[in-house]
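Look for chain A in each of the two complexes below; its partner is chain B in the first and chain C in the second.
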Partner chain A sequence: MDILPNLLMPLTHLDLLALIAAGTFAGIYVGAIPGLSVTMAVSILISFTFSWDVYPALALMIGIYMGGVYGGSRTAILLNIPGAPSAIATALDGFPLAQKGRAGEAIGIVTVVSFIGGFIGIFALAGLAPVLSDFALRFQPRDFMLLAIMGILLVGSLSGGSLTKGVFAGALGIGIGAVGMDPLTVQDRFVFGLDELRGGISFVAVMIGMFGVSEALMQLHNVHTPAVRQKIDGIVPSWAKVRKHLPLGLQSSAIGTVVGALPGTGGDIASLMAYDQAKRVTRNPETPFGEGAVEGLVAPEAANNAAVGGAFIPMMTLGIPGDAVTAIMIGALFIHGLNPGPMLMIEQPNMFWFIVGSLALANCFMLLFGLTGIRLFVKVVELPRTILLPVILVLSIVGAYAINNSLTDVYWMLGFGVLGYFMRLYGYPLAPVILGVILSRLLDDNWRRAIISTREDFGAMLMGIFTSPLSLTLLLAVVMILVTNSPWWARWRGR
Partner chain B sequence: MRTFLGGVIAALTMAATPVLADYPEREIQGIIQWGAGGSTDVVSRAVTPHAEEVLGQRVIMQNVTGGVGAIGLNQAERAAADGYTLLFGAENPLLYKVMGLGQKDYSDFIPINVLARGVPIIVTRPDAPFDTFPELIAYIEENPGELRFGSTGPGGLPSVVTAMINEKTPIDVTAVPYDGDGPALTALQGGAVDVMPAVLGAAIEAIRAGNLKPIAIFDEERVPQLPDTPAITETNPEFADLLPWGPFFGIFVKQGTPDDVVAKLTEAFQAGAQNPDFLALMDGRGFRMLSLSGAEAQDFLDTWQRQTAWILHDAEIAKNSPEEFGIERP
Partner chain C sequence: MDPKPTRRPGELAFTIFLAAASLGLLWSAYGIAGFEALSSPGAVPMATTAIMVVSALVVLFETLRRPAGRIQTLRRDILPPAVIVTIAMIALYALLLRPLGFIPTSLLFLTAMIWFLSRRGLLFCLGVAFGTVLLIWLIFRMVFSVLMPPGIVPEGRIVAFLMSLF
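After this line comes the complex of A and B, so read on.
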């Protein structure tokens, strides 16, 4: 098998090299603009590259994917508006840093850890793909349910000041996620006979509203305060700094790879889990979490880029998508006359190594473009708010419309923008809302699947959890998280 | 291939009346009922470029998803009946009325081309203690309630096939619903469900790799992709009156679209459906080409709707009786 020529194919063919570079560059900007998502860009590319050869088409898509996942962090740090759901956790500590004039530094370290995370995911894809996809297949509905419960517990670390308000926000998110036709029973839920609600409320619209519009409204309060001057030195992080955060980066990358490889969960959940993990393992952050802790940037960004390689694992080994983007790429492979599935790796290993090579190259371009454009980019925050805020609003509206080409989404987005504004005003955290929306279906569907599988016998389901090593481990993790966060534990530790 | 298409184009131009030359004057909008990367999306995007060559205009494809495809269908129905909005859909709308999902279905549209039909297949894991359909039924009878069937929710292909089996031999199994046949087949490989009636194209690659075991082709004849898997009528001829049955893909325009426009579109997609690249793609995915238009397509849709709606009604899956909508019992 000729691994090397295929691995290096993107590097030796100038056209492929250029396409990956262009894709990564475009991806960074697509990812950075809230509402323009990688999923959207890749599905447009399916039509656009229809008549192309399969390799250049894949090269472009892979570039956009890699760049886009990283790009989401840009606006999260600079404007407190995550460009994509997987950058929500990044805003929590990134924006406070930007307000201290350290946006350049924040973007610098994010770029480097994204690069590291990206490579961990790629290594896992190249070396462990069959093992990891086997592991991912073993997840039963009850395991996904436990995973979702673990996710729900993240509300605790995303709440900031008041847990009560955090729980309220999380519950609101779960409620929003429940709207729409339930695919398991074809029953309408909270639809009120409106066709537009059958498809549910687009959670990207919720996110753009809650983070984009409400942030713009919030900043109207001090529209004439001069913007913080940004330091533009120390953008490229020192080796000492990278080394200090490397263990956390690797740990987060591992979380990202595994969560990315699970079908049905992707970078959004991975980055939130990594953020929570970082909060738990970081003993003495230089700055507390939520006020600009570098650890709070390292963890989610390493995780979401690692999830890219992770998502390719089930796609390449089984023809099962690891997330929404890989689902579209599988469609693209079909259109180009390939049959993605378990046989693809056996019959066309060159395709596999080409994808690994392209991902690696896109990751390098991401580092290059990420570190070179920062000086210009941070200037965005120094723009007068009277210019910046209207631009944010316009982008939010365009982005919301672009999700499904539907005006309904724009109305939802504006509505949630106003709601988010009042929530901010009264000190309610917004990240738990998005967490709730993301996890709502995962929890609901898998709980019901688990209980339906045992013919609605709750005891049998519990038995299933206790007899499966995987489920038991997940259950213990849930219990551990609960116990270690309880006041009794804190008192016991303090003694 | 170029010359072949050129010939088709020339033939079409000669056959065209002078009025036809006017349509299409501008870009056409194509609404795909399902999401990017899914079967409907892949098939629609694969056939359209070949039809564009005949039409001489671009068809801008757009996925309008949600509500089991009802949102896209309604959007196409709200557009003007001028042939500038095409609907790329699957079989689901024919069940909207009986499943209580909407008041509109393909009776509000004119079929341009019913492209192809999917073949259902019953699959299981390689270690399952049964190899044939009769063995599967015997196993269920010995172990009632034990087997879990993968499903995609009421009205989906697995629910219809399971209802068909139930009509012939009542079986005691648990249906576990998933978001689509992809996730359900994943669950089958992971052991979360035991048996899955699926569309051939979704399962074929896992079968070829030995990750799944085919039990029977749920059709009247075997398929060339799996020559060793028996058709169900070979072991259980009682299914013959229900078959052939399967999901399908088609292209539609709103009822009331001028005849010359319908004719032009029909010709364009007939040509597109004959393109060798497209045929190869459909073959690889295990679809049976139909390329029906006009009265033939209408007949196909009516028969499909009558048959499926009544099966779902008899299985008590349907919410409304087909009678309410004038759908006669076949």
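After this line comes the complex of A and C, so read on.
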């Protein structure tokens, strides 16, 4: 297999090049505008691009993903409103810097370290994924099952709220994914006599509802928040400044890549961990953390962009999403008839190298668009939400309808939008629902394979887990997540 | 000392709803294949709905232990009129999409929503709605080739006319 032609494919095909550029450009704005999120944009986009060839569809989505993760930092710095969850830590020092009239400097350094972090993550993906996929071939069905459970629990526990609510959300997602005819026995599951449910619930409708509609409904609570104007100049940072922060940037990128590669985590957790680490290792910052420390910008931004490449590692090697956006990407690959996992890496390595090339190109476009066009950017960000939110809703409805040209999907979208709205209000994380929907089939298939291979003997399956070092490690990880999130653990730690 | 966490308005009702729905789903999952076999099509649905029931009951127990908050109200903090109107408008949009078509329905929806949220002049709202619908239609119909219900608008003829220009 020739790696280079596939790696350079996005560069040699003008249409793909243009789509990555357009995606990155749009992603920066999507990530930056409060109320719009990358997850929302990619889930709406799937419904419009599913009739496309897989390469252009992926090119556009990768551009939006890369641009969006970076774009979230813009409003975090300018308005103290993180455009994306991965930019929460950026606001802590970014906004104080902007208040001191140094918004341009903050945006400049963030752009450069995001670019560096992005490339570290991509290098890790290119270097580690082929090795990991070879290793993943040794996975037994029970290992895939445990890995899926671990991913859902991790995202549930790290979403900030209660683990019980995270577990409920994950189980709900698996249940939604099971609706329809069982693919093995053609038996109805959760159909309630409705023919519309036999084909299952479109996960795109669930995603648009949960991430698009529910987010728009939440934004209605503060629709009249006035836009804050900032003066921005001198964006391109000096080489001396970049060199000064390079060691911290590289360290944070490594954190971002590792955390991003854990199934179910993502840029938001990576950036918070990198910020925390930066606080510990920076002995004498010019400005204290929380008051405008440049180190407080470098660490989270290098980490969250490195996490993009990292999140693709479990997605490509195991078929387990690294975060909510890669969960949606897995959905997109399914729609295009591809099955992410070790076999995809072996049977279609061209797809893998195309993704690596597209990510690298999107990262370059991010640097280019990040350091230019700031005037236009400020204008777009000031777009009132009273106009923006109805437009998002129209796009969500059109997106849901376009999946199957069916109004049923629009009603599902609305139903899940309302459910997602209440779940958000009462502290239930939504990412485990989506992860559950995506991983439902994998979990179900592998559970049945595992139990059939032991002739329905649950004890024998447990013995298999305890005697295999890999299965045992995964089981221990699942137990650890549950134990460390329990109230008993908190009480024990508090003593 | 931190003040004791309180219950948000409607939280108890929502938690009871989730617990009841989980129980209903568990019953439905049991109906798929009962306890026939561990590899039956109902095994994973039963396990997941059982987890839903247990976790919903734990959340219900935790919710019941917290006192009801007095600062927030259902009307202002949970279901403000803007949210109720928006949900109703989306449902209305879905109902009208087929008979009226994408362009008129979106135009009506956007005009009404922008007016309702911004309270700007009707002409301004109509202008913004028209420009937005035109842009969305051009991008999604012409670039993404997404077919939306034409309804009362002769969309086919418009597309043919536009194509003849190039």
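Just so it is clear, the second predicted complex is superposed on the first by the 269 of 495 C-alpha atoms of A that agree within 3 Å, B and C clash if a C-alpha of one lies under 4 Å from a C-alpha of the other, contacts with A are read in each partner's own complex, and residues count from 1 in each chain.
Note that a residue touches a chain if its C-beta (ideal position, glycine included) is under 8 Å from a C-beta of that chain, and two chains touch if they have at least 3 such contacts.
None of the values given here were measured: they were computed from a predicted structure.
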Checklist entry - Of the partners chain B and chain C, which touch A:Ile452 in the superposed model: first, second, both, neither? => result both
Next on the checklist: Looking at A:Leu389 after the superposition, I want to know if it touches chain B, chain C, both of them or none. Which is it: first, second, both, neither?
Outcome noted: second
Next on the checklist: Tell me the contact category for A:Thr49 with respect to chain B and chain C: first, second, both or neither.
Outcome noted: second
Checklist entry - Thinking of the overlay built on chain A, is A:Leu172 touched by chain B (first), by chain C (second), by both, or by neither? => result second
Checklist entry - Looking at the overlay, what does A:Arg243 touch: chain B (first), chain C (second), both, or neither? => result neither
Checklist entry - Which partner does A:Leu425 reach: the first (chain B), the second (chain C), both, or neither? => result second
Item to check | Partner chain in contact with A:Arg280 - chain B first, chain C second, else both or neither | outcome: neither
Item to check | chain B versus chain C as contact partner of A:Leu407, first or second or both or neither | outcome: second
Checklist entry - Does the superposition put A:Val223 against chain B (first), chain C (second), both, or neither? => result second
Checklist entry - Taking the two structures together, which residues of chain A meet both chain B and chain C? => result 51, 184-185, 405, 452
Item to check | Partner chain C, residues of chain A touching it in the complex | outcome: 48-49, 51, 162, 164-165, 167-168, 171-172, 174-175, 178, 182, 184-185, 187-190, 192, 213, 216-217, 220-221, 223, 384-387, 389-391, 393-395, 397-398, 401-402, 405, 407, 410-411, 414, 417-418, 421-422, 425-426, 440, 443-444, 447-448, 451-452, 456, 458
Next on the checklist: Residue numbers of chain B touching chain A in their complex, please.
Outcome noted: 35-38, 41-42, 45-46, 49, 61-68, 70-71, 74, 99-102, 145, 148, 152-155, 174-179, 182-183, 186-187, 189-193, 204-206, 208-209, 211, 277, 280-281, 284-285
Checklist outcome for this item: Residue set of chain C touching chain A in the complex reads 8, 10-11, 14-15, 18, 22, 25, 28-29, 32-33, 37-39, 41-45, 48-49, 51-52, 55-56, 58-59, 62, 77-78, 80, 82-83, 86-87, 90-91, 93-94, 97-98, 102, 106, 109-110, 113-114, 117-118, 120, 128, 132-133, 136, 140, 144-148
Checklist outcome for this item: Per the touch rule, the chain A residues reaching chain B in their complex are 39, 42-43, 46-47, 50-51, 137-141, 180-181, 183-186, 195-196, 198-200, 263-264, 314, 318-321, 327-332, 334-335, 337, 339-344, 346, 404-406, 445, 449, 452-453, 455
